[in-house]
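In the two assemblies presented below, chain A is common to both, partnered first by chain B and then by chain C.
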Partner chain A sequence: MNYISVYFIAFLTVFFAAYFLTPKKFRWIVLLAASVFFYLYSQISLAVYIVVTIVTVFFGAVILGKINASLKVSLEKKSEEQMPRDDLKALKKKLTKKVQNQKRIVAASVIIINFGILAVMKYSGLFTGFADLILKRFDSARELQPLNIILPLGISFYTFQSIGYLIDVYRGKYPPDKNIARFALFVSFFPQIIQGPINRYDQLAHQLYEGHPFDETRFKMGAQRIMWGFFKKLVIADRAAVFVSTFNADPHSYTGFIAAVSVVMFMIQVYADFSGGMDISLGIAQCVGIEMTENFQRPHFAASIGEYWRRWHITLGAWMKDYLLYPITFSVPFVKFNRFARKKLGLYFGKLLPPCIAMGVVFFAVGIWHGSQWKYVMFGIYNSVLVMFEIIVIPFIISLNEKFKIVNTKTLSWKLFLILNTMFLVFIGKYFAMAPTFSSAVEYIKMTVADFNVLGLFNGSLYKMGLDVNNFNLLIVSVLLLFCVSLAQERGIRIREVFNRQNLVFRWIVYIIAVFSIIIFGVYGRNANAAGFFYGGF
Partner chain B sequence: MDDVLVKKEELIEILESIRPDIDFQTAKGMIDDGILDSFDIISIVSEIDETFGIYINVADLVPDNFNTLEGIHKLVEKYKA
Partner chain C sequence: MAKQKFLIKIVIFLLLCLLVNNLISDTFKFKGVEAIIPTLEFYELQKNSVDVLFIGSSSSFWGISPMYMWRDYGITSVMRASFMLSPVVSELYLKESLEYQTPKLVVINPQAAFSEYNYDAYEGSLSNSLSFEKFSVNKLSAIYDIYRDSRYKIGLHELMFPIFRYHSRWSELSIYDNDNSKYLNGSRTRGQYMVPTIKELTFQEKMIPTEEKTGFAPESERHYKNMIEYCIDKKIEVALLVLPRQDWNYANHNALQKLADEYGIEFIDLNVIEIRETLNLDYSFDYYDSTHLNVFGSEKAAAYLGGFIQERFGIADRRAESAIADKWNEDLEWYLSAVEKYKK
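Up next, the complex of A and B:
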C-alpha cells in the first residue's frame, strides 16, 4: 500500500481505532493483522518470501536455543562430577566444540537460505549480464532475458532484521521466541516493513507484544511526526525529484552547473524522502506506544565521513557493525593479523590497520547493499577509501596538531569547515547514486568540472528543470524550514514539546496551514516503486 | 586468594603492550571516559583471545566489562572457567 494515498489514511484510522478498542492482551494481534493486511494488499504474490524467512529463522532460532540450553545443563552436570580439574576442563572444551559445530550448521543453513534468496533477487541481474556476455560469443542472435525481478516488499530490511535476531540467539544474548505468530509480527510489523528501521529483537519485540494504553500526549506527538514526515516527502522530496528526473532525462542539454545542482537536489530528495518516511513510520509506532530506533540524526551536520555514516541510515550501520564488522575483526585470521601488525608496524599502524581493513569491507558491503549495479560498487569503494583514510590518517594529524598547535579545533569556524568538507565529500559520492549508471556518473562529473557556469544561478536556468519559479522557490523555502528545524534539534531543542506548549489557537493555525500545504503543495503522482518511497525499492 | 585462573599481572602486561600510556591498576571508567577507543578494544580483545585461547563473545563487548582492570579480569576469568 502506498503511504501516499487516501487508502492509507483510511487504513491508519481503522488501525488506530481497532488497536485501542481491543483489550490490551490482544492488541498485538491487531498489529499482526494490520501488518499481514498491509503486506498482502501491497504484494500478495511475493508474500511467500517473507513467510519462508519467518519460518526458517523462527525454527532455526528455536533449535539454537535448545542447543544452548542443553549445553548449559550438560556443562553444569559435568561440573558436579568428581574428576581432576584438567580433565574436567578438557571434557568441557570437547562438549562445547561439538555443540559449536552443530550450532554453526544450523545458523549457516538459515543464513544461506535467506541471504541466498536476497542475493538472487537483488543481484541476479549481474549473473544474467555475465552469462549473456558469454552466450553472445557463441550465438549473437540469442539474448538472455534479464529476470527483471520485482523485489518482495522490504526484503533487504526484514532479512537483515531476522538474521540479526538469529545471530543474537546464536550468541546466547537472549532465548528464542516461542510463539511463531508473535515472531511473525516482529518480522512483518508494517511501519518498519517498507524501508526499515532495522530494529533489534530485544528492543522491539516486547513493545509489540505488550498492549499499550492510549496516551493523548503520545498520540498527538506521533500524529505530529507523521504530518512532518508527509510534509518532507510530498512538499520537499517529490518536488526535488522533479528537478532530478528532468536532468536525468536529457543530461547533455544542461550545463555542468545544472548537473551539480541536480546532485544537490538529489541529496535533498533522498534525505527528505527517506527521513520523511522514517518520521511517518516512527510516528505511527509512537501513536500506539511503540518506540522504534531512529534511523537519521541530521547527517548534514556530520564532521567526518565516519560520523556521517553514524547519522545516516543509522540502523544499517549498526547492523553492519554488530553482525559483519565484529565477526570479521574477531575472526581467527584477523586476530592473528592484529598481533602481527602491532609487532611489525608499531603500535599506531598496528592497532589501526586490521579494523581499518575490516571497515573497508563493511563499507563496500554497504555500497552493494544498494544494488548490483557498478555505480553502487563504486559508491561502496569510494566510501570505503574515505573511511579507511580517516581511520589511519586522522589520529596522526590530530596528534600533530596537538603538538604544533596549527589550528584551534575548538572553534565554530573549524567545526563549520569540517562539516562543509564532509558535505562536499558526500556530494561527490552522490554522483554515483544519482546517475543511472556508473559511466553516466563519470560523465556528469566531467560535465560539472568542464562547464561549471555559475551564472546559471542568475539566468533563470534553474526554473527550467520541471519546476517553475513558484515551485522552485517553494522548494527552497521548505528546505530552509527543514534546515531551521534540524538546526534547532541539533542544539537539543525538542520541537514537538516546545510546540505543544504554545497556545491552542497558534497550534491549530499551524495544523491547518500544514494540512493545506501538504494537500495543495504536495507533488502527487510519483509511483517509482511499490510503496512510493525511494528506498522502498531496495 | 586461591584458584585465580588468570594472573592479573599477565593481563596488565597485555594491556600495557597496547596502551603503555595508561595506568591500568588505577584507571576507572576507561570506556565511559573515552580513555580506550574502539580500536584499543579490538586490539585488547584480539590479544586476550590469542593469549588465553578464548573467544570473547561480541555480546560481552559492553562498557561495564572494560571500564576497569577488574572488569576485564572478571570477563577473562569467566571465559577461562
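Up next, the complex of A and C:
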C-alpha cells in the first residue's frame, strides 16, 4: 500500500478509530493486525520472507536467552561451591567460553540465514555479474541472465532491526521476548516498514505493547507532522524528481550546468522524500502515543562529513556503529592491530589509523547497503575516504590553526564556510547516487567540469527540464520554506508547540491552507510520475 | 468526553474543507468544449423548453444540429453529447436532463454499446464530461458505476472531488477560470459542437446486407437498456439513432434493430442505403473524418432527421410561438452567420 494514495488515508482513518475504540489491553493487537494487513495488502506474495525473519530471529533469541540464563545459573552455582579462587576463576572462564561458542553458533546461524536472504535479494545482480565475467573466460558465447528479483517490502530495514535485537539478546542487554506475536509486531510495525527508522527493541517494544490513551494534543502534533511529511514528499520531493528524471532520460542533451543543477535537485529530492516519509511514519506513531527514533537532524547544517552522517539516516548510522564498528574495533585481531599501529607508526597516526580503517569499513557497508551496483560501492568508498581524511588530517589542521591563529573558528562566517564545504563534498558524492551507473556518474562529473555555463541561470534552460516556470518557482519557494523551518528547528524553536499555542481560528486557517496546498501543488495523479518513496526501494 | 469533543472538531474541520473545495473546485476544472457545452450550456436553457432531447457521443456532438431542425421544422431540441462519452455518463446525462426538461422524445445514439468503454485511454474525456455535472444521487450512482466498471482504476476521490483530478492546472489558471461565462456561447448551438473542418473521403460501401448481428459489450449494453427503460417508465417516447459513418455495417444495424424491436421503439439508421441516398451527403465536403459529419453535413442530417421525427412522433412546429421563437430565431441568426464564416 502506497502512502500516497487515498486507500492509505482510508486505512489510517480506520486504524486510528480501531486503536482508540479498543480497550487498552488489546491495542497492541490492533497495531499487529494493522501491520499484517498493511504488509499483505502491499505484497502478499513476498510475505514469506518477513515471516522467516520473525520466526528465525524470535527462536534464535529465545535459545540465546536460555543459554544466557543457564550460564548465569551455572556461574552462581559454581560461586557457591567451595573451591580455591583461582580454580573457580578458571572454571568460570571455561564455562563462559563453552557457552560463548554455543551462542555464536546460534547467532551466526540466524544472522547467516537472514543476511543471506538479504544478500540474495539485493546483491544477486552483483553475484551474477561476477559469475558472468568468470563464465565468459571459459565460454564467451554464454551469458548469465541477471535474476529478476523483486525486493520484499522493507527487507533492509526489518532485517537490520531484527538482527540488532538478536545481537542485543546475545550480549545479554535484555531478555528475549517470550511472545512471538508481540515480537512480530516489533518487526512489522507498519509505520516503520517501508523505510525505517531502524528502531531498537528496548526503546520501541514496550511502547508498542502498552496501550496508550487518547491525547488530543499528541494526536494533533502527530497529524501536523504527517501533513508536513506529505508536503515535503508531494510538493517538494516529487517535483524535484521531475527535473532529475528529465535529465537522466537524456543527459547528453544538456549542459554541465544543468547536470550540476540536477544533482542539487536530486539532493533536494532525496532529503525531502526520505525525511518527509519519516515525518509521516513518526507522525502516525505519535498519534497513537508511540515515539520512534528520529532519523534526521537537518543534515544540511552539518559542519563536517562525519557530522553529516550523524544527522542523516541516524538510525542506520547508529546500527552500523553498535553492530559493526564496535565489534570490529573491540575484536581481538583489531586490538592487536591497534597495538601494532601505535608501535610502528607513532602515537598520532598509530592512534588514528585503526578507527580510520574501521570507519572506512563501516562507510563501505553503508554504501553497499544502498545497492549492489558499482555506483553505490563508489559512493561508500568516497564517503569512507572523506571520513578517514577528517579523522586523520583535520585534528592536525586544527592544532596548526590553534598554534598560528590563521582563522577565527568561533565566527558565523567560519561555521557557514564549514557547512557550505560539507554540502559541496556531499554534492560530489551525490553524482554517484543520482546517476544510473558508475560510468554515467563519471560522465556527469566530466560534463559539469567541461561545460559549466552559469548563463544557464538566465537563458531559460532551467524551465525545460519538465518543470515550467510556475512549477520551478514553486519548488524554490517550497525549498525556502523548508529551509526556514529547518533553521528555526536548528535554533531550538519548537515550531509545533509555538503553533499550538495560537488561537483556534488562526490554526484552522493554517490547516486548511496546508491541506489545500498539498492537494493543489502536490505532484500526484494521472499526469504525474510520483512513485513510492525513494528509500522504499532499499 | 475528550474523544467525542475531538471527533466533533474533526467533523467541523472536514465540513469546512468541503466548503472550501466547493468554492474553488470549479476554478480548477478543465474548460474544454466537452465539459462546457454538454453541461454548462445545457443549464443555460430555459427550463422545460425543448421537445426533443438527443443523447450521444462525438458523432452526435458534431453531426446533429438542433438549430437547423429549428430552422427547417420549428423543432425545439437540445443535445447532450461529448467526445468519447461513456455509456455511464450518457445514462447520467439522460436522468439529469429529465429533471430539468420535459421532452416528448428522447433520441439515443447507442453505437458505443458494441465495446466496453476504455477507461484507461479515455479517462480525460470521461472526467471532463462529468466534472461540471451537479452533485446528485444520479451522479453518485454514476460515479460508483464508473469506479466499478473501470475495475477501480479511476480514483473514487477524483470522481467525487474533481480538484484531485485537475489540481495540476494551477500553473495554467487565468482570471477566466473563475468565470465560466467567458467560455459559454449562451447555449446558441443547443449542445452541438460546430466543427468546420472538411476531410475529403472516398466512399466505400460497407452496408452489405447480412443476417449477422454484432454482439454488445455487456456493461455498455446494460446502460443503454437502462436509458431506454427509464424513458419508457417516464412515458417519454424514445428512439435510437446512428448518424452516417463509413465504418458502419449491417451486422451493427441488425443488432440495434433487434434491441429496438425488443422494446418496440424506433431505430433511425442514417446509414441505410435508401436513407443515405436521401441525405445526399457530399463526401468531399460534409465530413470531418470517416466517422463524423462536420457542421455542413449536420445541415443535411437535420434536414432528414427533423422531418422524420416530426412526422413519426408528432413533434410540434413551434415557430409561431413567439414566446420561444424570438430567442430561437435570435440564436439561429448567430448560428447561421457562424456557419457562413466557416464557409469562407
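Quick note on the criterion: the second predicted complex is superposed on the first by the 520 of 538 C-alpha atoms of A that agree within 3 Å, B and C clash if a C-alpha of one lies under 4 Å from a C-alpha of the other, contacts with A are read in each partner's own complex, and residues count from 1 in each chain.
By our rule, a residue touches a chain if its C-beta (ideal position, glycine included) is under 8 Å from a C-beta of that chain, and two chains touch if they have at least 3 such contacts.
Here the structure is a predicted model, which is why all the values come from computation and not from measurement.
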| item | value |
| --- | --- |
| Partner chain in contact with A:Val335 - chain B first, chain C second, else both or neither | first |
| First (chain B), second (chain C), both or neither touched by A:Asp322 | first |
| Which of chain B and chain C A:Phe506 touches, first, second, both or neither | neither |
| Chain B versus chain C as contact partner of A:Lys351, first or second or both or neither | first |
| First (chain B), second (chain C), both or neither touched by A:Arg171 | first |
| Chain B versus chain C as contact partner of A:Phe219, first or second or both or neither | second |
| First (chain B), second (chain C), both or neither touched by A:Gly522 | second |
| Footprint of chain A on chain C - complex, ascending | 2-3, 5-6, 13, 16-17, 20, 24, 28, 123, 155-158, 163-165, 167-168, 170-171 |
| Contact set on chain A toward chain C in their complex | 6, 20, 214, 216, 219, 468, 470-471, 474, 508, 511-512, 515-516, 519-523, 525-528 |
| Chain A - residues contacting chain B, complex | 168, 171-173, 322, 326-327, 329-330, 334-336, 338-339, 342, 347, 350-352, 354-355, 391 |
| Footprint of chain A on chain B - complex, ascending | 17-18, 20, 38-40, 42-43, 45-47, 49-50, 55-59, 61 |
